[in-house]
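Sending over a structure as structure tokens; questions will come in a sec.
Every chain is named by a letter (A, B and C) in the order it is written, and numbering of its residues begins at 1.
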Amino acid sequence: MAAARAQMSPDQAQPLLSVRGLNKTFGGVQALAEVSFEVRPGDILGVIGPNGSGKTTLVNAITGFIKLDSGRVSFQGRDITGWAPHKIVNRGLTRTFQVMRPYFSLPAFKNLIVPLFSNRARRTGGWRGGGRLGSRDTVAVDILEEIGFERESYVPYKVASSLPTGYLKRLELARCLALRPELIICDEVFSGLSMSEMASMVPLMEKLNLEGITLIMVEHRLRELFRLATRVLVMNFGAKIAEGTPEEVMADEQVKEAYFGSEEVYGYV
Amino acid sequence: MEILVYGIINSVTLALMALGFTLVYGVSRLPNFAHGALYVLTGYITWQLLNRLGLPYFLAGFLSLALVGGVGALMYHFILERIRGMAISEIIASYAIGLAILEGLRWAGLKGGTFILKPFIEGSLNIAGVSVDYQRVLAVVLGAALVGFLWLFVNQTRLGLALKGMAQDERAAMTLGIDSDRMAVVAMALGSIFAGVAALVLMPLGSIIVESGYQVLILAVAVCIVGGLGSWTGALLAAFVIGFAQILTVSYLGAHWQMVVALVAIILTLVLRPSGLFGKQKELEERV
Amino acid sequence: MARHHEGMRKERLDRGIKVRSDGVYAVGSWREMAFLLAPRLVLILGLLALPLALAQAPYWQKVLSIICIYALLAIGFDFLAHFVGLVSLGGALYIGVGAYLAALLNTELGLPVWATIPLATVLGGGVCTLLLWPCLPLRGVYFAIVSLMFPLLASRIIEALDVFGGTDGVIGVAGFPGVWVEQYLLVVCLLLILFGLRRLVNEDVGLVFRGVKDNDQAVKASGINITTFKALGVFIAASLGCLGGAILAHIYNWAGISQFALDFSIIPIAATVVGGGGTLVGPVIGCLILVPISELLRDFGTLRIAVYALILMAFIVFKSEGLMSFGARKYNQSESWVEI
């Protein structure tokens, strides 16, 4: 699968997502200040930063949920600045939400019906195989199985309100997968998970990446993130203060100062 | 010149009508759709006190203001408080109360022509070649006085400061020991009294009719939305914008279009600039 | 009461069939089928029989027509408010647009009744959707306020421009061939729309609509244009209102400014609140109760408006679930006293 994707993008060096000079202020507060970065196909980019450093604003800005003051976002070489969220999603850039609000009263698989109504899902014919869309319900259950809902245990058919947080997080990811995206921006998929749930989430993210999906992961859980990420971007007060491999970022003095407070970096992680 | 003078008068009139509405909304986030009904109710009570009991004008005025303030407070405490925070229910319920009051009054015999409050002062004044009767001058003076009073009240008294605190951040106010339900009742009583004052000042210019209840409501909503709901300065400025726009349309297009201006102003504002002329970003996100 | 039941407690059970099969009907016996079908049959047969039952009372036949028109409007309101999340306080706009369109198509173009009604329904739905299109991004209260303004604006503009007959309205609109045609057209339309819409909201599309209402962010992030779905919702609701308006114009042989009047905005809302919002059947039941009350009070003039405003207020404050939800709960639950 990964090989197939690599063939599809002829120039491996061309970035999948390129963000240049994003600015956004909320009533005098600089939420984003000249943020620029690039993501290449197949990357896992980690975005970290203290609370209120503008991480979620960055996600909202890239995916079109808020209007930018200035800056450009381009995806697959096309300028998507100012596009409506659903248009961006239909090009293959999708996101998860920190606060999930599934249809609690419905079976889990019914939660995937909405994305399956999108143009992209219709075009790509659900998750497995191209061509015509099968019954929406079967496609939905297939996607849930793909993301770790055991079909035999009837978890996909259980009412969403009875699912633990780990499954709800996966449900949120599955909503993105239903769109067969090129890039998923994950807003804190690890937060609120138990240790064992976390342990199974990490390989899941790895698997998605191996299947050819590029990931941007906004996280607070540094230990898991640093295991996954190929590159890490550190934000503080809306600005990018460091970018590099996990090791480089950990060694950066400015990052230690701003994010970790003092020398207790490894203790915190 | 005529346009300027009548524009100012019309604007202050609008501000008078809207002040109570924006006060209530600002403090308790309640769009009080019974506002127009309270306006007409004041006129009706005053007329009854004047003509049935034969009370002197000022006593009747004050009594009816007190009564209407009480009606507002009771209405809030016993009915609207139960659905606090459910915006749509608040609109529908307060509108239903207003409808009940207005149509009840109509049934009780309130018709145009028979119910007339006489002006406080007869006669007219000549301002820069335009003849203006004293009642209108009084309306402008009273309107200005009311705004001044409101400003003093909000910034100088304990109660006023509590109201202001609640308007800015209800939860923070509650942590400071401000009883938000009581404050909302106070705001509602004040808002009703403001509607009443507007009625006492403006009604002598015409007769007391049920339709003016709906009209006042629409105008108040228009002013508040154009100004940015809950923003007092915004409401004042919006009153001037709409006031002059109305006078201009009346003199160039005809009286039929006067109401259309207010309605179009609401729709245009919400569509083009949902936060109103002077609203804040936060409110924008609530609306869109 | 309490003395009779000393040493007992009240036990409340959901009917097994409801618990097992919410949405998926795995019905095994005639009893269970009857249990599910009985309320539906009562409604369908009852509505179909009403015109016959009222054959001797032409006045009440008219009332039945009015009930059906209000019910169409109320179903539209309920659908828009509880499944799309847009509270439209301006139902009169739909009635007015439908009535004027039907009247103009009939008097100006000479189209017969069977053509004007469907045309007015579809065209009217389109016109209302276009008018409300700029307001679709607005939320809750703000959409409600704007939608309340539209019918007022429409009547003022017709008045000011003096078009479409001005304050006199469009007169000389053709009537129905007979009272039975009028009655059964309305009743059958109402039933078809009621059950059709109930099916629609329970289909997969209904989930998208509900998503637009409850969680528009997630719907956007799922690659769906929420404005399209909101517009679709408005079109459906507006078409229902326009259908009612068109029929109204043909019943009264007239279309006028009073069809933009407040009654058409308020009664459907009151009916929805009283009957139970989010059920689609509730609004019909609400209309069956409220409209006759308002007719009985007609002698008292505007007091009837005050009365149903008070009923509306009482329900919204004290019994906001409405009669239908209340009734359905009672129907599906059995209560009994058991020994402790």
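Quick note on the criterion: a contact is a pair of C-beta atoms (placed from the backbone, for glycine too) under 8 Å apart; a residue touches a chain by one contact, two chains touch by 3 or more.
All values derive from a computational prediction rather than experimental measurement.
Closest chain to the protein centre (all Cα atoms averaged), using per-chain Cα means: C. Set against the C-alpha centre of subunit A, every other chain centre is closer than that of B. The two chains most heavily joined by C-beta contacts are B-C. Note on chain placement: the centre of subunit B and the centre of subunit C lie 33 Å apart, centres being C-alpha means.
Subunit A and subunit B have centres, each the mean of its CA atoms, that are 50 Å apart.
A separation of 42 Å divides the Cα centre of subunit A from that of subunit C. Contacts with at least two other chains are made by no residue of subunit A. Across the assembly, subunit C contributes no residue that touches 2 or more other chains.
For subunit B in complex with subunit C, the residues that touch the partner chain are 31, 79, 82-83, 87-89, 91-93, 95-97, 99-101, 103-104, 106-107, 218, 221, 225, 254, 256-257, 259-260, 263-264, 266-267, 270-271, 274, 286-288. Put simply, subunit A touches subunit C in their complex at residues 63, 65, 84-87, 89-90, 94-97, 101, 103, 106, 110, 113-115, 117-121, 136, 175-176, 178-179.
By the touch rule above, subunit C contacts subunit B in their complex via residues 81, 87, 89, 134-135, 137-142, 144-146, 149-150, 152-153, 156-157, 159-160, 262, 266, 269-270, 273, 300-303, 305-307, 309-310, 312-313, 316-318, 320.
Contact residues of subunit C toward subunit A in the complex are 204-205, 207-208, 210-211, 214-215, 217-226.
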